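The structures come next, written out as structure tokens.
Next come two complexes built around chain A: one with chain B, the other with chain C.
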Partner chain A sequence: MPSANLLGQSLLSGILAGGLYALLGLGLSLSWRFLRIINLSHFGFIFLGAYLTYQVATSFHLSPFAVMLAIVPLLFALGVAQQALFVRFAVNEFGSLLVTFGMVAIIESLIQYFWTADFRRLESGYGTLSYRIGPLFLPVAEALTFLVAVVLGLAAWAALRFTYLGKAMRASAEDPAMAAAFGVRERSLALLVAGTSAATAGIAGTFVALTATLAPAQIYAWIGVIFAVVIMGGLGNPLGILAAGLLIGVSEALTMALTSPSWAPLVSFTLLIAVLILRPGRV
Partner chain B sequence: MHVAYGDAPALRGVSLRVGPGELVSVVGPNGAGKTTLVNAILRLLPIRQGTVRLGGEDVTSADARAMRLRGVALIPEGRRLFATMSVEENLEMGCYPPSARRYRDEGIARVYAMFPRLKERYRQQAGTLSGGEQQMVAIGRAMMARPRLLLIDEPSLGLAPAIVEQVFETIRAIHADGLSILLIEQNAARALAIAARGYVLEDGRVVAEGPARALMAEPQIRAAYLGEGDAADPREGGER
Partner chain C sequence: MRVRWQMAAIAGAGSCLALLPAAHPAAFVESFLYLIFLWVALATSWAILSGYSGYFSFGHGAFFGAGMYTTANLAGPLGLPFLWTVPAAGLSAMVLGVAVGAVVFRVRRLRGELFALLTLAVTFVLATVVLNTPLDGGPGVYLSGVKLPALYGGGTSTIYLLGLAVALASVVAALLVQQSRLGRGLFAISDDEDVAEVMGIPSFRYKLTALAMSCFLAGVAGGIHAVFVFYVTVAETFSITVPLYVVLMSVLGGARHWIGPAIGAALVTALTYAFVGGDLAVIGRAAIGLVLVLAVLFLPQGVTGLLASRARRSLRLPQPGAAMPPAVAPQRPLRPGSPLLACQDVQLSFRGVRALGGVELEVREGEILGLVGPNGSGKSTLTNVISGYYRPDAGRVLFAGHDLGHEPAHRIARLGIARTYQIPRPYARLSVAENVALSAMFGAAGLEPDAALRRAMDSLAIVGLDARARTLPRELNLHQRKFLELARVVASGARLVLLDEVLAGLSPAEMDSALSLVRAIRDRGTTIVFIEHNMRAVLSLTDRLVVLNHGQVIAAGAPRAVMRQPEVVAAYLGTAHA
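Let's look at the complex of A and B:
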């Protein structure tokens, strides 16, 4: 039986990992629900953001957060352009899975071309910084990631619930023709959703650069667990994503502490299957 | 106007008019093209041929949003509320375009005054309301932003007789306030009873039109739509 300290530390890192999961999954969930696009290239966008953060911050000795401010509009534009392509070629939900799978592969090749397959690590000073709280260590970069995940999740929730644009998105997802009859411009709204979703990938990328070692193949490492978080949280439900991220993050961390690290990947999928069986109709 | 689904024509040269403050009914059997007509007017379907004019302005090239901005509102067949959104959010969709948002508070107050039941349930998910309550939300949603033309598609569909009574009473009251209304109904007796004029639509064509009272008096129409006499073909007697 591990010590109370170890358990406490596992719980903390599980909570923080949950924040990262929610941050990575938020945009995926929004475009799945509101655009009916299952966007695997979201993971490519995240790593594009991460590598750009790494490169620009390293080359120009800038704060990664300053770089992030430039990455956000860049990825917004990329998301808009991508959605325009999806509309132009009338890509449906299933088709989007295939098309965006191809797009991740392209992004991976580009990253490999520019940055090689070597591991890259952003030396920002945040990576090793941590505070001591009693017997526990709070890593600063992970804690910031968690904070940003919560802030973005709450902002997305509030926007969907309290703004006319958010309500129009929900209405349009339910009945596009009726939404159009009441004046919703579905196409421009879709571009906004796509841009916002890609922008969150850019933000997530900066935090991936802060907290992880980068390699092109790592793009695929997150896909399984993030799909579990997104589906479990409920499509287009930012608070659900936060909850599911925490649940999976904590379960994984406790599994690692109590059994062995090799069992951790099983946790997310076991939980996902359990949720799908107990509450079908979530996708 | 002419409208088709792919190669299958649904409206073959239908022409009709609703005057200012007038209540006009379109009746006809299932599949005649009544819903198609409404969707084409709202530009949810493309018009193959023909023109649409609104108060003298040619709006044939307008899109759905432009029609909405010009004050055309819909109470669709089967209500089609945004089921997972609350009653109040559904009403807010009725004043969605930025220029209409100033009517929000006034509109919601008016709808709640008209249907106090909705005020009690303003946070309830629209999909969990009873059929009658859903129809109230659908009416309220269309009335939010002071429309100038209201399109109503089969408001009695799937409702209990007592509720149908209430719905028609509401339509009559809305009309008495001066709104122009195009009322689509299979229930011809009810629809013609509150209309000034009517059109009979069959297989994508207008087969009869005229003052509602005159239509109701036509033996063929009585036979085919008002459930009286033997089933003569109404086309033969229709004034076309």
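Let's look at the complex of A and C:
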């Protein structure tokens, strides 16, 4: 049995990891719910953001956050272009899964072509910085990630709930024809959602670069856990994503502390299966 | 038998390829052909579930990998004879697949998407398990000590022949499944699973069966591939390459056709053979991704999809007879007028909204019962409960002595209940004839495919659609699609037919022909529940009338008398405040 100290530290890192999961899953969940697009290339976008952050911040000695400001509009444009393609070819939910599967393979190959399959690590100063709170260490980069995830999650929740755009989106997802009859401009709304979703991938990418070691094959490693978060959180439900992220993050951290780190990938899968068996109506 | 020439072609190609090693070709020829066989086996086995039923698995790598590691461990460290480990490899992959399917196939919404994502996740989960247990433990498994039976005097030829065998087995399996009840059921599931289940297709069992076959073949291919690569590692085995290639090959070749995935596999393998080693491998993967994107966007039916419409138009169909196909005779015939279906205190709520509040209803053998009520009164919900799409919260539905309350929808269809949909729901990618034949196969009639097609043609002739038998439903206009729904219930041979607003949207002349058709269906011995808003039609057609309001029966009896009751008038027109 590990010490209380170790457990506390695991709990803390689990909470912080949960924030990262929520950050990675947010855009995915929004585009699944509101665009009926299951975007596997979201993971490609995240790593594109991460590698660009790594490259620009290293080459020009910039702060990663300055780089992020440039990445966000870039990925917004990429997301809009992708959605325009989906609309042009009337891609349905299932087709989107296939098309974006192809796209993520392209992005992964391009990343490997430019940056090789070697591991890359952004040396930013944030990576090693941490505060001491009592007996626990609070790593700054992870804490920032968590903070951004909470802020973005709350912002998305508030936007969906209180703004005209958010209400229009929810109406459109419920019944597109009826919403259109009430004056919701579905097309431009869809482009906005796609752009925003891709932009969150860019933000997430910067934080992935700050907190993780990068390798092209890692793109696929995230898919299982993030989709578990998205499905358990409820599609298009930002607060649900945060909660599911925390649940999975903490469960993984405790599993790592109590057994061995390499068993962590099983946790999210087990939780997801449990949800599917116990509450199949939930998804 | 329809598959004779296809089987002959497969056998011919198979024997030529099996004799090839006797000519002592260069070693790379055998390995190159082996790789094609491997991918043909993987892509074809994938399509048996995913192509036919539309449930796309991204986890074929996991099932393939399960096979590889089974053989690697049994034949390597445990030293069992290699040939015995191959079926074991198939079995372990099958068990894994069925376990996943048994969970996810029960989900009602998003099941296709969930299945895709879950199977993708299984790949990484299995990789984790293998990496952390003695199955591999990290360094990989060497199979250098494994003895192969030497055919044509060498191990490579043995592997070549085994690869050929599993490829042929997969293609034959795909062909036979496509022609069987199973395959036809899977095609229906892929177009509209809810309708398929209500029309009598045991969707859960069929999907699981197809998944089991698919995984078994992938596992066998993995078992053979383990000795081909000879050094099995987690990183290589569970990479994203397998699912990516398999999906691409099948989509490119046409996943709904038995030979489509094989064509795609041969094309893609030959193409990628050009990109070997170094940077070119990376570019090759990008190219594969790009081809997948373009294939889905521009050629969603694949190469064989181009041939599909021609094949459909040249389909040989039996000549229809002139007589109405009879209803299936009940095992225990009932006297006309005795109760055939009884709803007793049937209740159903959706998230607190009460749709049915204790419905009491009786349908008598041989009658046409009118079921009317204002919009939202629960008519459609009741139809969905009787046909088994919804399960009632409380109460009983009795049909000819069976309690339907806990029967799955496909069992109810088989017992002899069929329904039409207010907005017709044909299987969009199947011809009109196949649409109707499916009802004859899986409804009360329960016919084999050939007999079902004959019955389907008879039914189409009755509704006047036999000339359109080869077309796709989308080429029919609304009134033809409504008559297609009627042809389906005729073909099913059901004893009880629920007609949900068959007249809505028809012109007066079309209405008249629909009404005489309904009478003809009753006259062949089928009991009918006729749900309709058109009061003139209801009064002229029905023997008895039941009025539903707010999920409860408010009146029942002779049509004209019922319509004069004050509660009924109030429900329709509101109460007078004088």
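Convention: the second predicted complex is superposed on the first by the 280 of 283 C-alpha atoms of A that agree within 3 Å, B and C clash if a C-alpha of one lies under 4 Å from a C-alpha of the other, contacts with A are read in each partner's own complex, and residues count from 1 in each chain.
In the analysis below, a residue touches a chain if its C-beta (ideal position, glycine included) is under 8 Å from a C-beta of that chain, and two chains touch if they have at least 3 such contacts.
Everything quoted here is computed from the prediction, not taken from an experiment.
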Chain B versus chain C as contact partner of A:17, first or second or both or neither: neither
First (chain B), second (chain C), both or neither touched by A:182: first
Touching partner for A:174 - first (chain B), second (chain C), both, neither: first
First (chain B), second (chain C), both or neither touched by A:78: neither
Chain A: partner with more touched residues, chain B or chain C: C
Shared chain A contacts, counted only where both chain B and chain C touch the same residue: none
In the complex with chain A, residue positions of chain C that touch it: 54, 56, 58, 103-104, 106-110, 112-114, 116-118, 120-122, 124-125, 128-129, 131-132, 239-240, 244, 247-248, 251, 279, 282-283, 285-286, 288-293, 296-297, 300
Complex contact set, residues of chain A against chain B: 164, 167-168, 170-171, 174-175, 177-185
Residue ranges of chain A touching chain C (in the complex, touch as defined): 38, 85, 89, 91, 93-95, 97-99, 101-106, 108-110, 112-113, 217, 220-221, 223-224, 227-228, 231, 260, 262-263, 265-266, 268-269, 272-273, 276-277, 280-281, 283
Residues on chain B engaged by chain A in the complex (per definition of touch): 39, 42, 44, 64-65, 68-69, 74, 76, 80, 82-85, 89, 92-94, 96-98, 100-101, 141
